[in-house]
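Across the two complexes that follow, subunit A remains constant while its partner is subunit B and subsequently subunit C.
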Partner chain A sequence: MRLGCAHMAGVEDLLKVEPGEGGVRLVLSGRLDADAVADIWNEALGAARGKVTVDASAVEYCDGAGSALLCELRRRAGGKITGLRPEIARVFELFEGDEEPEDKSRKPVDSPLESIGRVGAEFFEDLRDQVAFLGEMVVVFATFRGGAQRLRWNDVWITFERAGVQALLVVGLISFLTGLIMAFQAAPPLRQFGVDLFVVNLVGLAMVRELGPIMTAIVLAGRSGSAFAAEIGTMKVNEEINALNTMGLDPARFLVAPRVLAGILVTPFLIVYADLLGVAGGFLVMLMRGFPTAALWQQLTSAISVHDVMAGLIKGFVFGALVAGMGCLRGLQTKEGASAVGVSTTSSVVSSIFLIVVVDAIFAVVYYVIGF
Partner chain B sequence: MGDDVMIQVQDLSAGYGDTVLLEHVSFEVKRGEIFVILGGSGCGKSTLLKNLIGLLPPLAGKVLIEGGDLATASGDKRRKILRRIGVGYQSGALFGSMTLAENITLPIEEFTRLPPEAREAIAWTKLKLVGLENFTGHLPAEISGGMQKRAAIARAMALDPQVLFLDEPSAGLDPVTSAELDALILHLRDALGVTFVIVSHELASIYAVADRVIMLDKKAKGIIAEGRPQDLRDNSKDPFVHKFFHREAA
Partner chain C sequence: MSIQIRNISKNFGKFAALKDVSFDVGSGELVALLGPSGSGKTTLLRVTAGLEFAEKGKILYGIKDVTERSAYQRKAGFVFQHYALFQHLNIFENVAFGLRVRKRSERPSEPQIRARVEQLLDTVQLREFAKRVPAQLSGGQRQRIAFARALAIEPEVLLLDEPFGALDAKVRKELRHWLRNFHDTTHLTSVFVTHDQEEAFEVADRVVIIDKGVVQQIGTPNEVRENPANRFVEEFLDLGRDSVPV
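Up next, the complex of A and B:
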């Protein structure tokens, strides 16, 4: 048999394919180690058609790769292996015996089309899970009472403190700089029309109605939502969630409710703080441009009303619930194994940010329609 | 149903989705009995246990604990059943962010109106039972694997359950500690009348504690032997049962 590749020197020494009765006869010889098997694997299995007999009498040595080749020839092509040296046959015996049927639970690799379909199906399944989770949370909050049903206020407070205090620096810095950058960029063009005092309106309204809530929520998603997912996910992997369940402690009430409540409570505080620092950033630019504080303050109070602040805060409650809830949901959905925790954590942040933007868009429409 | 029946499993099928591991399994566990579930690795022992403690709904059939069905009970009814069972998980499953004492006081706090001092005193006595009374303030990560297992058993006993389910309690313990655990199990049964359902592979400990065993098999998808361990060892005709008790390779 002619082999196409010149660099496979020695292949013919290892494998000869001869016609046999009703099929082929493969003659193996020499050292069947990993290198040699790499050279002849495709050749050997490609040639193994019909009734296959394998003559292995000239095989001197056979390592794991060699055994695998022999097994595969026997298994796939129904080949009969003859002439193995006793010491090699003894090793090969380990692979004899009934073959267990293949484990069907292992999923085959998807085609691209199947992958797209699966992602789509998973998206809707996930949506259903989220709605179910929302319902569960409503039930939990609606049924608080004493005893085994009571809310763990201590946990609420701890989570509130942790989520709030840890977010202060990042939220503050981002808001301050955003206000500053906005003012810095907007002032020169507005100056051309002689209305650069309206920078205050721009920064104030944008911060209070949109950016304050959104940036706070995104920081919370990255800091606290992901932490919730990781904490609860780790508990899931360690069977701690099971342990809670069999103790009669509902994880939804025990783990999720305090975190969601803390998220709802902490977000408005952070938003007010973000609003203040964002406006302060804008003021700083304006002060440097020579505007007196009094004028800026008067412009601000005429530009934004309590309405606007409320509009931002109401969003804040929803965002807080959403971020905390998504973190917990992803944590509870964690599958087995440590790597699953990482998946949940990432997914909690991505899903939260996605939902924040969607919900914000819904708010924009609703506020517009009701003229809020 | 007699008053001495603690757990009743009726025509149970267990598995995950399309994968059926066990079919038509029925057995009873009597009050105060130490009941051991045996079987090869992967035959569904932990899965059966999950069915028994209500973590996994049966594919078919019923599990009744003192007549109550965890798969269908909800609310207070469910909690009432759960209060009467304790579970020691294969991996320990202690709450990682809490000390050993807090792990034990948690269920006590949730289910009773005992003051904090009393809760802590209970935690100390439970840890004393498993020889960990000097580790009340340790986090689970700060003690060894075998100690975690013992702590998990202490926690499972927090509310003085009527039934303790233990998944491979002696796996990973040295022979001495393992023997101590056996003694503890016998003591709890004799002194408090606790019923035990234990998944175990340790022949020595099975002979020491088990009143009755069932052996599950992957191929048969069910129980292939039931009885006293000594009887199964000496009399069983089933080749797998024979090999299991005589530690022979399949």
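Up next, the complex of A and C:
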């Protein structure tokens, strides 16, 4: 404290607070160095209320600390600083504009509640986009005409082949193994009750009503929905979609409609195929456990009706439209930049799978209520 | 066909990209939109083409109000800065594309398409490259193919978004002359966007100078050079003169 005392000129000598027009007038004088500023800092800022003017004409010396005080006074109270000597003003100018970044750094961090709100708002905005897209698709399909607005069947068949025929291996393998695993898991507990044969009912019903459609839709989302998003997204990034647009083609009709239609057409075929292979997987396990084919077949036909197959196929149409539509929508939503296509591809798969499960749940409730 | 731009305002969120912009492009005129980057000139061109939509104002092609129409209904020829050629089609098919996708009653016969495409490829002096794909061409060649593709659909207006922006200085100069000559023979109403004042003054009949979404001055190159309307125009042009072309 010795140093402070040696220099101590008294707060009154450094700072005088006088009433000014509509506020206060702070008169600073003497040496505004680090020690002096430390002495008067609280008092000066405490007094700086209302309209503040700072008279600094009697300041003889001002270092960084002094400038900080002047800056703070100006920032807090919007006060004007008058009468600075030119050589001091030069020092002070160095610190001018430093207030702004400080303000920005005070930008509040989102509270958890705000984050939830933001995510919610984005979710509903996305939902609105999806509904708008659905509406656009309905209009497109309802108003197909000739000419540039006609449906391009060529593109439909090409997509049908890529999304359907080339997916046979994957869909087949997954369904077959699913059926097989289910039978494996179900056989021992059912054996305890002596009803091993009901494994066929379990595998058959589960495949035909639920797993066949869902597995197919998920494979479709991973293979084709993502491919649609990537194709359309790349075209978007390269402005090829805008180029199509300026050449008289509506991207919704030209790019989206054939893909969605192909998705709707191909999914039921894939589902029937998946059902067959899933049941075959279950049969294989049962055959290995010594059941004759005829008994299995008899059990299957008594367990499954045409109703059950139809219930799965109706879902298939919806899943197909959903996966293809989501792929195209995410493609069209692609933003600019190198990573944008990857983002939309991922998003198409995640959104599709999410929607598949949600829609499947809705189907389950509706089927239950109407007894289908 | 003339283009009339009437009181166009466009915002991106809170940012006002265009503020009450109005001007006319006469039939057969070649007009440059000149301004620093971020001035709103590309946005204005995209609004004119129907690739973006304005919150306020009208766009007329001739006497037809096209404000509410999409780009595919307006059918303006558009040349993109980064060419936007169809990567999976060869050069011939790129140019022929706009003709092939027409409805049957309007579609030219195969020999007619062939003749038209070959004529366009001659115009841009790239006929021998017909079988290549865009990736095998240089930037200048790709941009000329983009021209040919835009012209194939016989547009009544041609809109060019920094057509020479991605090219080196020498090719840029050549294409500039080529564009001027092309315009002199066809008199196709054209609007092109550039940030290079030398380019604008050399090629355009009239120049529209834009900054911060506001039209600063409209006039022939001479008028603008001799009577800059305000401080911004003066400084922008002077700065342009001193800088080395990139």
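Keep this in mind: the second predicted complex is superposed on the first by the 255 of 372 C-alpha atoms of A that agree within 3 Å, B and C clash if a C-alpha of one lies under 4 Å from a C-alpha of the other, contacts with A are read in each partner's own complex, and residues count from 1 in each chain.
Everything that follows uses one rule, which is that contacts are C-beta pairs under 8 Å (C-beta built on N, C-alpha and C of every residue); 3 or more make two chains touch, one makes a residue touch a chain.
This is a predicted model, so every value here is computed, not measured.
Chemist: Clash or fit: what happens to subunit B and subunit C when subunit A is overlaid?
Modeler: Clash.
Chemist: Is A:Gly248 touching the first partner subunit B, the second partner subunit C, both, or neither of them?
Modeler: both
Chemist: Which partner chains sit in contact with A:Met310 here, subunit B, subunit C, both or neither? Use first/second/both/neither.
Modeler: neither
Chemist: Pick one for A:Glu240: touches subunit B only (first), subunit C only (second), both, or neither.
Modeler: Both: A:Glu240 reaches subunit B and subunit C.
Chemist: Now for A:Met288: first (subunit B), second (subunit C), both, or neither, which partner does it touch?
Modeler: It touches nothing on subunit B or subunit C.
Chemist: In the superposed arrangement, does A:Val165 touch subunit B (first), subunit C (second), both or neither?
Modeler: In the superposition, A:Val165 touches no partner, neither subunit B nor subunit C.
Chemist: Looking at A:Ala361, would you say it contacts subunit B, subunit C, both, or neither? Reply first, second, both or neither.
Modeler: neither
Chemist: Give me the intersection of subunit A's contacts with subunit B and its contacts with subunit C, in residue numbers.
Modeler: 147-148, 238-240, 242-243, 245-249
Chemist: Sort out for me which residues of subunit B touch subunit A in the complex.
Modeler: These residues of subunit B touch subunit A: 19, 50, 53-55, 78-79, 82-83, 85, 87, 89-97, 106-107, 110-111, 155.
Chemist: Of all residues in subunit A, which touch subunit B in the complex?
Modeler: Contacts found on subunit A: 105, 147-148, 231, 234-235, 238-240, 242-243, 245-249.
Chemist: Sort out for me which residues of subunit A touch subunit C in the complex.
Modeler: 146-150, 238-240, 242-251, 254
Chemist: Under the touch definition given earlier, write down the residues of subunit C that touch subunit A in their complex.
Modeler: 49-51, 70-78, 80, 82, 84-87, 97-98, 101-106, 149-150, 153
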